[in-house]
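Have a look at this one before I ask anything.
Letters are used for the chains, namely A, B, C and D, taken in the order the chains are written, and counting of residues starts over at 1 for each.
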Amino acid sequence: MSPSPLRVTVWNEFINERVLPDAGAVYPRGIHHVLREALEEQLGAGVQVHTATLDEPEHGLSQQRLDETDVLTWWGHSAHDQVQTEVVERVLDRVWQGMGLVVLHSGHLSRIFRRLMGTSCTLRWREAGERERLWVVAPSHPIAAGLSQEYFELPQVETYGEHFDIPAPEELIFISWFSGGEVFRSGCTFRRGNGKIFYFRPGHETHPIYYHPQVRRVIANGVGWAAPNPGPYRGRSLHAPDPLV
Amino acid sequence: MSPSPLRVTVWNEFINERVLPDAGAVYPRGIHHVLREALEEQLGAGVQVHTATLDEPEHGLSQQRLDETDVLTWWGHSAHDQVQTEVVERVLDRVWQGMGLVVLHSGHLSRIFRRLMGTSCTLRWREAGERERLWVVAPSHPIAAGLSQEYFELPQVETYGEHFDIPAPEELIFISWFSGGEVFRSGCTFRRGNGKIFYFRPGHETHPIYYHPQVRRVIANGVGWAAPNPGPYRGRSLHAPDPLV
Amino acid sequence: MSPSPLRVTVWNEFINERVLPDAGAVYPRGIHHVLREALEEQLGAGVQVHTATLDEPEHGLSQQRLDETDVLTWWGHSAHDQVQTEVVERVLDRVWQGMGLVVLHSGHLSRIFRRLMGTSCTLRWREAGERERLWVVAPSHPIAAGLSQEYFELPQVETYGEHFDIPAPEELIFISWFSGGEVFRSGCTFRRGNGKIFYFRPGHETHPIYYHPQVRRVIANGVGWAAPNPGPYRGRSLHAPDPLV
Amino acid sequence: MSPSPLRVTVWNEFINERVLPDAGAVYPRGIHHVLREALEEQLGAGVQVHTATLDEPEHGLSQQRLDETDVLTWWGHSAHDQVQTEVVERVLDRVWQGMGLVVLHSGHLSRIFRRLMGTSCTLRWREAGERERLWVVAPSHPIAAGLSQEYFELPQVETYGEHFDIPAPEELIFISWFSGGEVFRSGCTFRRGNGKIFYFRPGHETHPIYYHPQVRRVIANGVGWAAPNPGPYRGRSLHAPDPLV
């Protein structure tokens, strides 16, 4: 008897890949398809993946879809403000109920991440095609499982730098070094309500980051870690959020 | 040469004291006046206190008043939803810039606290006039300075209980025991942007909690701890928040 | 294909049960046997349990036994100082390499726990047969999985109280309430080197705590959580500790 | 009326400066003298500094000297194992009582720091005269007070790199970037018993690090932050440590 597969919804803004030729060349079917393949490659029968995009009705995140989602991954970049308030609140409520959330790269400015953090989530950034090294600083954490070296490297990336305006992470798993002089807290966990949240920095619309084996491994680990827990409060709506609070 | 006094604004909803005879009997001029006296008693010339209430224009929290506030204390109970969105955002922006925030008792459900936490901030509660003991669990923290015993006791209180739906506090300073069977994380610190936040549970509209010497001492300690830091980002607005994020 | 079972060694001082009639009546074959049964009941084929006791050669903790242990559970009470320095250092080195450690009840004063914490690990205690309620304060943590209520209760226990002199736990999962007026941080996690550590308060030599279903569930959850991670440093000895440092 | 000055003891191994010509050229009277000058420059009448060195009787750390010390700073490099067990235990007991401890650079391998951390405290290092940037990641922390930029830079340093085998810091204040590819958690706080501990990476026996204005400022801030708190347990010996635990 096998446990039920983890139900993951991969959300993608899906604009850059259709508008920017460089992005379309790297992700012809969209970043969400590559993330789906990555999860299926890493987790096999342990996962069942759906995708959803901004242009679908309700951005593909109907109440039913969210109710049937154990972990949601989030990639957005140029249209954060087009995500409807009602959908943000629906996602928020599901995180509070226990749904896991994995926020990738430029998703740091998404409405849902900023709402959950309570900070501006701003950072310093630069497009310079620099080299990044992700150093493991929490070697016993399940999100670092299967990495065999103290760091892994991405040859060409968009640079992110501190100060990254987030609450102090509950667990800090990766710190990035960039050849241009920046450092960044690249792998951070948080808990909000019954939900677990993992922020992971790597990603870009034109650099082929989501084909990188260690990046794929870490995202799959993060999805596994963020899976809901059958604890005392799971599935209980804490209450409907009001627009501001 | 003395350092400049800390500029504190004590905010009070100021409804219960005017509407409920029992509350008016305990706090005839309002909770804010007793809190002001407490801070002046504890901090003397080191503090300059203003008060502000819900019924004043802009709830007494004009941009200028906030710009001239180092630490804001918050007491609200029955009218959280009457605090205007514009004022909540103004306070939020000032916390991000570095203003300290001390949230008292039922302020846990205030819009500003919930917005900063990213959680529902709900808890379990009961009016039963029970006894509370606040145990110090972080004895080296400046917020516990001057307490000479491992706990202090309040003879009659409103009971609060776990689960208190907040992010894991960065520092947990007090845990309350209640005679009816509850425990509660009663003294918690958080940092958001450049601002420091202290949540402290004691308080009530009819029990005379803010006359209690240890409670007064802890609130004064919390105000001192939350004072802004002349660090690298102080005074910089991170950016104007949008209504939801 | 199933994953390999988790290899757990249950260590017990095994003195009280042979010397004190009341303890022998509750745990006739020793606490280690009841803990073994609890783990087998909860984890089934997912676990392979050995036991070890103080009076065995090398206290049953030979280098080979430890090398073949994924998670070690520790129960000691009246003979902490009879545990040989060489064995303490061997366990320490294995925790640094990645072996999980679950420390139970009076094990808070064991040499290995105090060595890993860097504090005195003292606490306040009383034998009064009082009632204890363990409140869940981290509902999304895997160690709370399967608990369906906000607290569970033990009718008669030894009272422990704050201040518990430990480093601030990385994750605080349970807070206990005692009918006599104490609170206690009863479920705490720590990481040291590559190893994960879970301290869990319940237990006693004469109260039948380890037959309680929720206690058994939490210990099994803790063992699962503390399992080693195949991360970048696993299995590497950080270096031989010297007697003091 | 002024508060009493903070009583600081600056401890230095004081071997390199007498044996290595390059070290003697930079610190002719020893690192402790430069640290004393730095503290007096930064804190003025607010501090009273003594120095102590390895070659003095009891390493200059008699019970009386420690009893009259509010904060101890520690610099050691090549002779950690020459520090007597009795003195290490005496310092440990004073930290548990409330004395602050500021550990500098290669002091990460001192017996007292390793004893307080419960880990190996090892790290990766290289002598290559590389450039270091210390990025502020906790801008509201008093240890970052007075720094006006997001980072400060040291032109030539000894490189330290992750993984730094410490417990997850309670507060992470600085992350270093090194031109050769490493990152490092350079400013970390911990609490043990009633005592506060600040680890700060910068320093070297031949690079003139302790003449750098921002480094001096941070060390002075750290000393101020680590000052004992007149809290409920101050001055109480938790108990005499045994050689191993």
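As a working rule, a contact is a pair of C-beta atoms (placed from the backbone, for glycine too) under 8 Å apart; a residue touches a chain by one contact, two chains touch by 3 or more.
As the structure is a computational prediction, the values presented were derived from the model and not from experiment.
Chemist: Could you run down the chains that neighbour chain B and chain C together?
Modeler: A, D
Chemist: Centre-to-centre on C-alpha atoms, which chain is most distant from chain D?
Modeler: The most distant chain relative to chain D turns out to be A.
Chemist: Between chain B and chain D, what distance separates the C-alpha centroids? Give it in angstrom.
Modeler: Centres of chain B and chain D (C-alpha means) sit 35 Å apart.
Chemist: What is the distance, in whole Å, between the centres of chain A and chain B, each centre taken as the mean of its C-alpha atoms?
Modeler: Centres of chain A and chain B (C-alpha means) sit 34 Å apart.
Chemist: Quick check on chain C: which residues sit in contact with 2+ other chains?
Modeler: Those would be 136, 138-139, 150, 163, 168, 170-171, 191, 193, 232-233.
Chemist: Looking at the complex, which residues from chain B come into contact with chain C?
Modeler: Chain B residues touching chain C: 124, 133, 135-139, 150-151, 161-164, 168, 171-172, 175-178, 181-183, 185.
Chemist: Under the definition above, what is the set of chain B residues touching chain D in their complex?
Modeler: Going through chain B, the ones touching chain D are 98, 136, 138-142, 144-150, 170-171, 191, 193-196, 228-234.
Chemist: Enumerate the contact residues on chain D facing chain C in the complex.
Modeler: Per the stated touch rule, the residues are 81, 85, 88-89, 96, 111, 114-120, 122, 163, 165, 167-168, 170, 190-193, 232-233, 238-239, 241-245.
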